[in-house]
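Please go over the structures that come below.
Two complexes are shown next, each including subunit A; its partner changes from subunit B in the first to subunit C in the second.
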Partner chain A sequence: MLAFDLLANGLIYGCFYALMAIGLAMIFGVLKIVNFAHGEFFMIGAYTYVLVALKLGVSPWLALPCAAVSGALLGWLVERLLMRPMYQGYASWGFMKDEYAVVVTFGLSLLLINLVDKIVGPYSFRGPPLIDVSRFALGPIMLTGQKAIAAVVSVLLMIGLALFIKRSVWGKQIQAVAQNRLGASLAGIDATRTTSLIFMISGMLAALSGALLAPLVNPSPDIGAFPAVKSYVIVVLGGMGSIWGAMLAALILGVSEAFFSVYISYDYRDAFGLIILVVVLLFRPQGLFGEKGREL
Partner chain B sequence: MMFRCLRYLAGLMGFAFLLSPAFAADPILIGVSLTQSPPGSVVQGTQVKDGMEILKDMVNAKGGVLGRPIKILYEDNQGIPEKGRAATEKLISSDKVVAMAGGHQSSVCLAEIEVAHRYKVPYVNTNCWSDDVRKRGYPEVFNTSPYNTLVSSSMATTLATMGVKRVVAFAENTDYGIGQAKLTGELLKAKAPQIEYKYETLDRASKDFTAAVLPLRANPPDVIVMSMLPPAAYLLMNQVYEQGVAPTAKTLMYDGGGLADYPDFWQNVKEGGKYLLSFALYHPQMKQTPLASDIAAEYKKRTGGDINRLVLQAADSLELVIQGIESAKSTDSDKLIKAMQTMNFKSIRGVSDFSNKPGFGYQQWLEIPYVNYELTAEKQPIAQTVLIQAPGQKFDASKIVHPAK
Partner chain C sequence: MKPIHNLWQERLRFDMRAALVIIALIGLLPAVVYGPYALGIILVSVYFAILALGWNLLAGYTGQFSLAPAAFAMIGAYTTALLDHYWQVPLALGIPAAIVVTALFGLMLGKLVLNLSGPYLSLTTLAFAEIARVVIGNSHEFTRGDQGMHVATLTDNRLAYYYIFLFALVVVLACIYWLLKGKLGRFMMAVRDDPVGAESRGINVVRIKMIAFCISCSICGLAGSLYGTFSQLVSPELGLLQQTGLILSMVVIGGMGSLSGAILGGVLIYLGSEWLRGFGDIQMIVFALLVIVFARYIPGGLWGMVAARLQGRRS
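The block that comes next holds the complex of A and B.
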């Protein structure tokens, strides 16, 4: 019975991690940079959901798309104001592009945390659940309505994203820009607009992840740190830039943490994911689904 | 000509000096290092600040201390020991405060008292429960705060009286949490060796404790003890509730940190807070000093909320400094320390029995009133809780309410 419980909880949390990590993987896939403010997209989404639902009295189901919009808007602003210099400004010359990304996104992370801390306040708020079913048994597994619904919504979002990337015109443009930015531009694809779209999708997914978890984790200004760290592990484990890799790695991380915590030691719970990462990278340095490459 | 100008200037300056208000004395600076942003407990830091500000305003309205107003300088330590150390260093060496107060998280206190000891500046421990703060034996450190030996002893007696067979404790990974959980186990073993007790350490920065809670579903204990602070404590309570582990007819939760006192308790915990047993340092049914009543009324006026123990503890620690200055008739560190060691402190909360025995009782007021109560309804005000142990009375297990299933 415990094993079923652990598997179920591991998969559910894996879905949440996946939603968060996919956005990060997309940004890396296109721009080859890590967004260190990704955790704060999660935080903004969580706060938007909580504040819209609690302060404005709006239904949580309507607060969810509000969170998505806030994440998309933030992603667009970040790309437009902060990231564009990397491929249109002095940093596009290739010098210090990575350093620029680290400094800017790290600074943005600190700014967002402190802004929310000062404007909203440092107290944590429990978000209202999407469905008012506090707990129920599904066979041997105990779940809450929120966890069940949030997991379903996460899976639907991931399926939707996969179809979008594979079948839609925009999705094909994203794939083209990820493969070769210059080549895509020469083929008539507006690479700048595509990059904007990627940031919007990334922000939206992270914000939705935050909103879905808000009733479970009681958001506070520093709530973004824990999913962000998991996301970095997942993106590397799955293969930098690989969306499918990120999804699979997230599920592996969620389930392995759940089992190792109980059967080995809870004290080293956060270390297990890192151990798996190290072991995988020893044998597959490109990650599970990444591609080997070399920069000249 | 020049000499005449200088004479006029000197005359003007003298005139200006005479005109300056007679009561514009330098303020007495008191340093407070507390948590105002994560990852530490911000709600605690806010309560401490509220208590300090209310008493400071009351004292200044009556003319201050030795004719000088009190001014409190705050620094945010974020609940991180290194930042607490840096904050205390700055307040003492740069801002020249006459005393430090307001410490409310044990791990941070342990770092801060080292600085206070080095500079020989009085440090009043507002809410650091770890016995280690006292065991260091620093003469500069005065403890009006509750202490783990008191709390753990009470909790162990409670658990022994309840007649339970198995207890699991969750402790946050700090000096307070681990210290309390460990000591409770030791004292419980001495009082009731037949009770099976174990504790597990949880990361206070974590958001998911499911893996720690799930194993309890198969083998639920009789009591789950919590030695944790918000926000992690709220998350744990919710997750224990969501997994159906507690509260049930078999398993209750027992809080050793006064969680139900905090203003954001019910907004974060909801149904998970029902049937929570709580060791508490404040209850409306406790006898209050007139000053405590005044502070409670002022707190209600300013915040709209009911007073709680942390606000009173903060006011009490500032009151100790004030009475020390009045007794010493000076803000000199050595005189202040001497005065605080020898004077008869009139506590706002009614704490008494100042001890200077080495160990957990060093420079600690040992007699601190407490109660045990149970929350029996969601959003229940403290005044309406079931008092399982009234002030000065024995614990009455027959008053405990269990859920139907």
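The block that comes next holds the complex of A and C.
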């Protein structure tokens, strides 16, 4: 019976991880870089949600779209100001793309953490729940109202995203640019605009993940670090740049983490991600769905 | 006219001389600085200069971006502390042990990721850094967790400690200079500039990356271990990502791929952060902004600007 409970809760956390990791995988897919400020998108989303709901007294259901907009806006800004020089060829380190990206996104992450710390304060907030139902049992599974609602919302978001990428013109443009940037632009796709769109979607998903989790984790300025580390593990496990791989790997990590923390060690549950990372890098460095990335 | 094949040697020698001048100036600082608190601040700035040199060897000269220099300093400090706590190992052995243990950790991490191209090193070291910090913080029985551990000290005299740190800085600098002067240094830069080309010329790229990574890690381990014995308290705070951010900003602002740039950046940024603390803890905001601006517009860093001017005058 405990196993069912763990499975369900692991899947729910997996959904939140997936929202984070998909954005990271999409960015890697088109630019072949890792966004080290991804955890701060999560943090900004959580803060927007909490502050809009608490300070403006708006219903949490309206604060949720606000968080999404703030994440998308931040993503758009990051792409416009920091990423665009990289592939338009006028960055000072244009010839060292990966290095420039690591330094700039890491710097951005520090900047956002410290700005929020300075402006809002280092204390953590308790986010208002979307629905006021405390613990209830669904068969053998113990849930809280917030968790159940957040899980439903994130599953809907993922289905929406999958449809968007598979069916819509924009989604097809994203796929094309990820496969071959030059080829896509030869076919008349505006690769720059598509990259911008990807950053907006990625920021929006991470911010929504933060907003949905805000009532459960109590946001503080450095709240983004662990979700980010977990999404790095997930994108490596799923295969860098693979969106479907990231979704599956997120669920795997969520469930196995839930079992690890109960059956093996609760204190070291965060170390479990590192074990997965090590195993994947040792035996299948390309991940579940990735292309082979071994050098030369 | 100087023969063209000496251009790199020439630049390196100039860089080294400048670095020695900077160190000499830092060595004179205690003459104008009063009080143990101020002495402590310039001492910590030397600690950061060592870390910046170590990270620069990897990032600036070999082009591999590790995000765990602070974590390796933490591991080095804990190695010395744990040896001291459990087996009363004297510091004369405990500090070299920190160098060996961090090099071994570097070897293990390097074996995992350095044969992969792309951002795997940054990703894995970041995950490693965060998780190592949390694991040490949670191991209440073994490492006393977040409370930190007490460590023996070399001497109670702060001034003596200052010169011990300065001596360590000179030794590290001399080792790096010697490395860069020889074949290995050239190989490292070949790996940074064009890994495929380097491999095709018969350079074992993975091996060179591994050597650079291990050396860089053990330099950080040495610095951390020394710092632990100075403060007599080792805590997981040493490995915070903010510290890594500080080191990264020192090298990027001071000048990537330059010895004097790293030292200058290390000292200036730390002193600047102490100064900015007075304006309400805005130091990390300022430095993070500066990192982005420098990476975007001034890739040579401060030292790049100074060196261009100095060398322009000489020729």
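Definition applied: the second predicted complex is superposed on the first by the 283 of 296 C-alpha atoms of A that agree within 3 Å, B and C clash if a C-alpha of one lies under 4 Å from a C-alpha of the other, contacts with A are read in each partner's own complex, and residues count from 1 in each chain.
Throughout what follows, a residue touches a chain if its C-beta (ideal position, glycine included) is under 8 Å from a C-beta of that chain, and two chains touch if they have at least 3 such contacts.
Keep in mind that this is a model prediction, so the values were computed, not measured.
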Touching partner for A:162 - first (subunit B), second (subunit C), both, neither: neither
Partner chain(s) touched by A:120 [first = subunit B, second = subunit C, both, neither]: neither
Touched partner set for A:102, first subunit B, second subunit C, both or neither: second
Partner chain in contact with A:285 - subunit B first, subunit C second, else both or neither: second
Which of subunit B and subunit C A:5 touches, first, second, both or neither: first
Broader residue contact with subunit A after superposition on the shared chain, subunit B or subunit C: C
Touched partner set for A:135, first subunit B, second subunit C, both or neither: first
Touching partner for A:226 - first (subunit B), second (subunit C), both, neither: both
First (subunit B), second (subunit C), both or neither touched by A:152: neither
Which superposed partner A:69 touches (first subunit B, second subunit C, both, neither): neither
Subunit B and subunit C contact sites that coincide on subunit A, given as residue numbers: 114, 225-226, 267, 270
In the complex with subunit A, residue positions of subunit C that touch it: 59, 63, 65, 67, 112-113, 115-120, 122-124, 126-128, 130-131, 134-135, 138-139, 195-196, 199, 205-206, 241-242, 245, 248-249, 252, 280-282, 284-285, 287-289, 291-292, 295-299
Subunit B - residues contacting subunit A, complex: 36-39, 42-43, 46, 200-203, 205-208, 210-212, 214-215, 217-218, 230-231, 234-235, 238, 241-244, 264, 267-271
In the complex with subunit B, residue positions of subunit A that touch it: 1-2, 5-6, 9, 13, 114, 117, 122-126, 134-135, 137, 142, 144, 147, 216-218, 220-223, 225-226, 257-258, 261-262, 266-267, 269-270
Complex contact set, residues of subunit A against subunit C: 28, 32-34, 36, 82, 85, 91-93, 96, 98-104, 106-111, 113-115, 118, 225-226, 229, 232-233, 236, 240, 267-268, 270-271, 273-274, 277-278, 281-282, 285, 293-296
